[in-house]
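Below: the structure, in structure tokens.
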Amino acid sequence: MFNLFLLQLLNGAQFGILLFLVAAGLTLVFGIMDFINLAHGVLYMIGGYVMAALSAATGNFWLSLALVLPVTLAVGLVLELLVFRRLYDRSHLDQVLATFGLVLVLSELVKILWGAAPLSVAMPEALAGSIPLAGLMRYPVYRIAVIGAGLGVALALWFVIARTRVGMLLRAGAANRAMVSALGVDINRLFMLVFAAGAMLAGFAGAIVSPILSVDPGMGDSILILTFVVIVIGGVGSVKGAFLAALLVGIVDTMGRMFGPILLKSLMEPAAAAQAGRTIAPMLVYILMAAVLFWRPSGLFGRSVAR
Amino acid sequence: MTAMPPRLRAALAIFALLALVPPLAHWIGQPFLIVIATRMVVFAIAALSLDLILGYGAMVSFGHAAYLGIGAYAVAVLSRAGVTDLTLHLLAAIGAAGIFALVTGAISLRTRGVYFIMITLAFGQMAYFFFVSFSALGGDDGTALAARSTVLGQDWLRSEPGLFYATLGLLVLIFAGLYRLTLSRFGRVLSGTRESALRMQAVGFRPFPYQLTAYVISGCLCAVAGVMLANQSAYVSPSYMSWHRSGELIVMLVLGGIGSLTGAIAGALATVALEEGLAKYSEHWRLGFGLILVLVALAAPGGIAGLIRRLKGAPA
Amino acid sequence: MSAPLLQVRNLSKSYAALKVTDDVSLDVHPGEIHAIIGPNGAGKTTLIAQLSGQLRPDSGHVHYMGQDITRLPMAARVRMGLARSFQLTTLLPGFTALENVAIAVQAREGSSFRFFRAAASERALNDQAMDALRDVGLNSRATQLAGSLSHGEKRQLELAVALATRPRLLLLDEPLAGTGHEEATLLIALFARLRSRVTMMLIEHDMDAVFRLADRVSVLVYGRIIASGTPAEMRADAAVRAAYLGEEEG
């Protein structure tokens, strides 16, 4: 039982790390530009597809992964230039309309290019094995590598945000947007940078998850909504909040599906417990989010909205 | 009495044109057009209901499709229990939606801005996953309805024109009610909270009860659309309440222009027409549809209503 | 002397290290016009925000008509007759001038959970709103959208809305700022007429108006009341001259 617990904890952490990679860029976009971007999940999906296409063409995991970064960065830049930049000072509704449209366009393009059937990406040789965890239980090396990579990115992000000039501007911008422009900073360049970096991180997440999950046109959708949950729980604009919330959501979601029914069985008869568990488990993160917002209407690390 | 406001005249013209669809469809030998028109009217009701809170109350709900689903499942559950009467279906849908809206609205209204959008999305997802895991009603796959609802024990809704006119009647009724409501004392307070919540407090109004009431009314009306949607497709599934649907409702509203009621109707009609029209040409119709949405957002703020205002030369 | 209508005791509020309201105590008696003067940034607007319920004080108490209202929401205070005007106008820009006032009448007359009858056709609302507009000299602009009024007209409308709530105590935050000479004269005459009906707390930079209207003047500097007395006493007070009148703007 303890082993199972440990295993699920690791799985939850790994899922949470992925959520963080996607959420990090989006929370800054939300916080600094007050911009609702429904198309962020699509970038995750594009990362997956580009990875699948490249690794099929080159047969080399590492080369493909290295190429995914500039490609998704470029996609982010192009989208910013063509669409997002024109929407910063527009209402949330116009932003929803445009980015909802982008979701449709890009998902359909992906379907046209690669078809609707799921694609798979081969695990790299070096990370294919598993290591002993506790007792007889083993854990895949690749998943540990994903956790490690995510932690590395988180650390790098922390360094950029806490120690560099750009990071200082980002923090100032998340707290008070007017202030950044008042500092005489070229705000458009900053926005572009955040967007492109966010797109690259989401693409990276989509690429490294591709050997574990299959790559399919719906993958962006499911992660997008959970990313929103993460951002809102963490507090819009807070990367630290996004990190903690991502781990929380990843672990709660994974553990809930596994242990919810087991816990319920001690309370009610097995059949009812199984049904109730199946019902409640996928709702758990949303219940968590509603509860957090009930007590803290601006998330864990968000600015309180003066009212 | 002053002249009839343009938005009222436009709505009446739309209703009149819609009423002509069944005979025209028969005349040109394309009866399936009635089915499409029914869908248009169903989504017009849903978009209207959303306009009350989004357009008049500045509450951007990203989970409104939940009420569409609640209405649809009310039909499915009651039909299984042998209750086929439309009035009872409507009452059950409105009751269930009202309770869900009251609870989730009271919690959601503690938040503002992006947080409100996201918490309504979360409640929408909760409803979605609740029905996904509801295996008695088909779970993920949904469930087919044995027959359409009955009216006074008669199966008038079985024919497509019958269902169409019943739905159109509901649309006209709901439009008329909301039109009056937006001009009433209550409507004024609601629009006032949209313009400035602080000002409303400074003259003695607590916005919350008015916002919550509007939220509940909106949810109940959207459930009516859900009842008619279930009847139209003879089928009920959780996909009615996916976040895509909620996004689509917002899209309809923004496309038509918010806060005029007529714009909501026009936006719903245009959206369904676009989807159905493009789908005839290519299986990849979403590409074109998405492009249109992006272009409208970039080039035509205010949607159809904004376009008409600009054509008339008034500032948008 | 009658019991004070408004009693403020030891009110304090800080933003981080900045004490915006520093242990403020003052009384406003029924029928008087109590002026608060002080340089920009002294904390006058913040004080009004706390008295009106827009902001929570960190500590201290506010009593109104003998009742502790420190934690009462703004809307409840307004219904008790404690109204305010805003320094930065917060009108409903998409409503006409008349509608802006009518909504204030509606707030105190009858329920607003009425869903059917058109509010625009309610004579009682329109007539009273029109009266308030006439009081401030804005009746000719009744059908204009508030957002399209000039800056001075917005100030007048702001006042009409506050009056339409039928206040017993009116907190006025620089009501003359931005009005032209003619409107200012009209408004000063209005305050003089109103004083028999409405008690006022007046924040104003126009010293002529203050010394003409006020029964009492309190001087607020860096969040503290440094002096309080009759206009004549304040004119004579050396500390006041140094802190404020010396740098009086024209």
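General remarks:
Chains here go by letter, A, B and C, matching the order in which they are written, and residues are numbered from 1 within each.
Following the convention adopted for this analysis, contacts are C-beta pairs under 8 Å (C-beta built on N, C-alpha and C of every residue); 3 or more make two chains touch, one makes a residue touch a chain.
This is a predicted model, so every value here is computed, not measured.
Comparing each chain's Cα centroid with the centroid of every protein Cα atom identifies chain B as the most central. When the interfaces A-B and B-C are ranked by how many C-beta pairs touch across them, A-B comes first.
Rounded to whole angstrom, the centroid-to-centroid distance between subunit A and subunit C, based on C-alpha atoms, equals 50 Å.
In this assembly, the C-alpha centroid of subunit A lies 31 Å from the C-alpha centroid of subunit B. Averaged C-alpha coordinates put the centre of subunit B at 43 Å from the centre of subunit C. Subunit A makes touch with subunit B in their complex at residues 30, 34, 36, 38, 83, 86-87, 90, 92-98, 100-109, 111-112, 221, 225, 228-229, 231-232, 236, 275, 278-279, 282-283, 286-287, 289-290, 293-294, 297-299, 302, 305, 307. Put simply, subunit C touches subunit B in their complex at residues 52-54, 73-76, 78-79, 83-84, 86, 90-95, 99, 102-104, 106-108, 110-120, 122, 161-162, 164-165.
The touching residues of subunit B, when paired with subunit C in their complex, are 180-181, 183-189, 191-192, 195-196, 198-206, 210, 213.
Against subunit A, in their complex, subunit B makes its touches with residues 54, 60, 62, 107, 110-115, 117-119, 121-123, 125-126, 129-130, 132-135, 197, 243-244, 247-248, 250-251, 253-255, 258, 284, 286-287, 289-294, 296-298, 301.
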